[in-house]
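Chains: A, B, C and D, in written order; residue numbering restarts at 1 for each.
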Amino acid sequence: MLILLKSPLMSQIVIISASIRTDRKSDRVALFFRNYISDKGLASVEILDLNEYNFPLFNERLRFQKDPPDSALLFAEKLKKSDGVLIVTPEYNGGYPASLKNVIDLLTDEWNRKPVAISTVSGGQFGGSQVLTSLLFTLWKIKAWVVPAMFPVPDVEDTFDENGIPSNIPQTEKRADAFTKELLWCIAAKQKMSGI
Amino acid sequence: MLILLKSPLMSQIVIISASIRTDRKSDRVALFFRNYISDKGLASVEILDLNEYNFPLFNERLRFQKDPPDSALLFAEKLKKSDGVLIVTPEYNGGYPASLKNVIDLLTDEWNRKPVAISTVSGGQFGGSQVLTSLLFTLWKIKAWVVPAMFPVPDVEDTFDENGIPSNIPQTEKRADAFTKELLWCIAAKQKMSGI
Amino acid sequence: MLILLKSPLMSQIVIISASIRTDRKSDRVALFFRNYISDKGLASVEILDLNEYNFPLFNERLRFQKDPPDSALLFAEKLKKSDGVLIVTPEYNGGYPASLKNVIDLLTDEWNRKPVAISTVSGGQFGGSQVLTSLLFTLWKIKAWVVPAMFPVPDVEDTFDENGIPSNIPQTEKRADAFTKELLWCIAAKQKMSGI
Amino acid sequence: MLILLKSPLMSQIVIISASIRTDRKSDRVALFFRNYISDKGLASVEILDLNEYNFPLFNERLRFQKDPPDSALLFAEKLKKSDGVLIVTPEYNGGYPASLKNVIDLLTDEWNRKPVAISTVSGGQFGGSQVLTSLLFTLWKIKAWVVPAMFPVPDVEDTFDENGIPSNIPQTEKRADAFTKELLWCIAAKQKMSGI
C-alpha cells in the first residue's frame, strides 16, 4: 500500500524573474536557482518570467479588475499555490524595476505570510544590494515574510553563463545552500503552523 | 522696444501626476498645485498626467530604444525643458507605483541636477509619507536634486475636491507656499550656477 | 501530581522602550503593552527601559568587548532568553534614535530568528511611521524576524496617559490584539520548529 | 595693496569621521579626503573625529540642553560655520552607527541647506553602500542638501593604508575628483544664493 505524505520535498517554489529589459542578464540567476533547487530535490520549482507574461502597466489590483487578462489570473494562481517565492531582480537607480512592483501591487492576500527570498543581480560590483531596503519594506507592508538571507550577484555577465551555470560552481552552490535553507526553514515553519 | 528678460516668473514647472489607478484621487492634488502655481504667478506650469500618456511597461531606457513611441519622446522633452518637477504620487504598499518608476527609469540625463519636489497622497491618515524613503533614494541615485520639503496629503477624498479645491484653503495655501518656495529656491540656485 | 507544560502562555516577551530623551512620551506606549500583554495573559512580559540602563555610546560589539559593563551583559541575557521582542520607538528625523541602534549593534547572535514587533510613536500626526523602513532593514540584516504588523501611535500625548492608559480603550485594544497576535504567531512558529 | 576676495578656495569643509569602534578603519578614508582637499587647494578642511569627541549618548537636542558639554558646543559651532560637510561612515547592519545619528539628531538648524557628501566604507565587498538609503533620508528630513554622488570604499583594509594613502592613487583621485566637485558645486550654488 502506497501512502503519500506531504513532505518538504513536495513544496512548491516559484521563481519570479523580474527583469523585462532587452539584453537582461539576471534571468541567468533565475535559471541557476531553478536548476539548483530541482537537481538537489529541494522542492518542485517553476520560473515565472515576467518578460514572457508581457503584462501591461496595471492600473488596478486584480481583485478589483472587471475584466482581468487570463495571464494575470494565471500568475496570481501560481503565486497563491506556491509555498515559497524566490525573487530574482535587478536594481534600477537604487530601486526595484517597475515590472516587479507592477505584479506585487497587483495582488493582495496572495502575499499574506508568504515566505519570500530575494536575490539581487547587477552588472556592477555591488550586486544590486541597495534595492533590498525598498523591496523588503514593500513586501513587509503587504505582509509577506522575507527571509533574512541575501544572495547578491555582482558582475553577473562574468559570474553566470546564459544557461545559468556559475563560473565558480562550488562557491556559488555553497552560498545557494545557505540561502535556500533559510527559505525552506520558513516554508516548513509555516506548514507546521498550518498543521501540515 | 520690448526687452524680454528671463525671470523667475518664466521658470517652467511640470507636475507629474503619477497615479494611473481607476478611481484615483491624487490627481486632485496635481490640479491644486497647477492652479496654485499659476494663480500666484510663480512659474508657468503644466501637468504631465501619466494616465493620459497611457505608457506601456518600458523594457529599456529611452535612449537605447530603437523605435520609441512618440509619447515617450514628448514626455522626455517636456521633462528635459522644465526647470523643476513636482511629483504628486500615491503610496502603494509603502513604495512608489510602477507607473512612476516606469518613467523615472526611462530617462537618464534628463534628471541630472533637476530640482524635484515630492507631494505624497493617500486616502489614509499618514499621507503616503512612507514612500518618501525609496523615492528620494531613487531620484538621488539618478542625480536629481530633491528639495528638502514635504507636502503629505492624508485623507485626500475629504481634503481636496474633484477640481483640486482644498477644503481648508488658508491652511493648504500656507503649506503650499513653504513647499513651492523651496522648489523655487533650488530652481533659482541652479539658474545662477548656469549664469542665467 | 503537577505536570508543568511549556505553553504559549509561558512565552517571554521583552519590551524595549527605546527613547532616552528628556520628557519622552513613548514610554507610555511601552507601559500600555506591558499591561495589555500581562492582563490578557498572553505572555510573561518585562520592559527593558534604555533610559534606566543608562548605556554609554558603545564602540564595540559585546562579544568583542574585553571588560563589558554588567548592565550590557544583563541586557543581552534578557534579550537572548526572550521568545519575542516588542520595540517601542520614537522617530527622530525619519530614522531610529541612536539609543536604539546602540543596543541593536551591540548584539549579534542574540537577534538571530528573534520574532520582533515594532510600535512607532510620535507627537505628530504620522505616528513615526517613516522610521520603519530603516529599522526593518537593520533588524532584517541582523537576521531578526520582524512581524508584518504595524502599531503606529500619532499624537501620543493625547492618546495615552502617563500610566499607559489609552484615551480610546476599545479601539486601542482592538489594534493591540491584531498586533500582538502576529508576534505570538511568530513565536509559536519558531517554537514548533525547535520542537517545543 | 592687497585685496582679499572671498573665493571658492576659502570655503570651509569639515569631515565627520563617524566610527568610534575599536580597530576602526574608516578613519583612513577621512585622512585621505583631508589630504586630498588640502593638497589640491579645494578648500580649507578639518576632521571632526567623533572618537576624539568622546560624546555621551545624547538624550536631548543641544538647544534644549540646560548644561551642554563644551565639546558639543564646539562641534556644533564647527559644523555651523562650515560651508560643506563630508561624512565618512561605516555601515553597521545596513544602517548608520549610533555615533553618527547621535550628532545628527543633536543639532537642528545647523543642518539647514548644508551641502553634505557621504562616503561609505566597509571591510567587505559592497562598500557599505546600503547605509545610504537611511542616511540620505535622515539628512533630507533635517533639511541638509546631500549631493548626488557616491564614494563607496569596499575592502578598506586593502585599499587605504593607515595614513590614508590609497593603494591605487590615480584611480582613487579620479573618483575623489568627481565626488568633491559635486560638493563644491553645491557649496558654490548656496554661496551665490546668499549673494556671496
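Just so it is clear, contacts are C-beta pairs under 8 Å (C-beta built on N, C-alpha and C of every residue); 3 or more make two chains touch, one makes a residue touch a chain.
Quick caveat: nothing in here was measured; it's all calculated off a predicted structure.
Asker: Where centres are the averaged C-alpha coordinates, which chain has the largest centre distance to chain B?
Answerer: C
Asker: Consider the two chain pairs B-C and A-B; indicate the one with the greater count of contacting C-beta pairs.
Answerer: Looking at A-B and B-C side by side, A-B shows more C-beta contacts.
Asker: Counting in whole Å, what is the centre-to-centre distance of chain B and chain C, each centre being its mean C-alpha position?
Answerer: One centre to the other, that is 38 Å.
Asker: What's the distance between the Cα centroids of chain A and chain B, rounded to whole Å?
Answerer: Chain centroid spacing, chain A to chain B, equals 32 Å.
Asker: List, in ascending order, every residue of chain C touching at least 2 other chains.
Answerer: In chain C, residues 94, 130, 132-134, 137, 140-142 touch at least two other chains, as defined above.
Asker: Thinking of each chain as a vertex joined to the chains it touches, would you call that graph a line, ring, star, complete, or other?
Answerer: Shape = complete; every chain linked to every other.
Asker: Spell out the residues on chain C that touch chain D in their complex, using ranges where they run on.
Answerer: The touching residues are 20-22, 51, 55-60, 64, 92-99, 101-102, 104-105, 130, 133-134, 137-142.
Asker: Under the definition above, what is the set of chain D residues touching chain A in their complex?
Answerer: 94, 125-127, 129-130, 132-134, 152, 154
Asker: State the interface residues of chain A toward chain C in the complex, per the touch definition above.
Answerer: Those residues of chain A that touch chain C are 113, 132-134, 136-137, 140-146, 148, 185, 188-190, 192-193.
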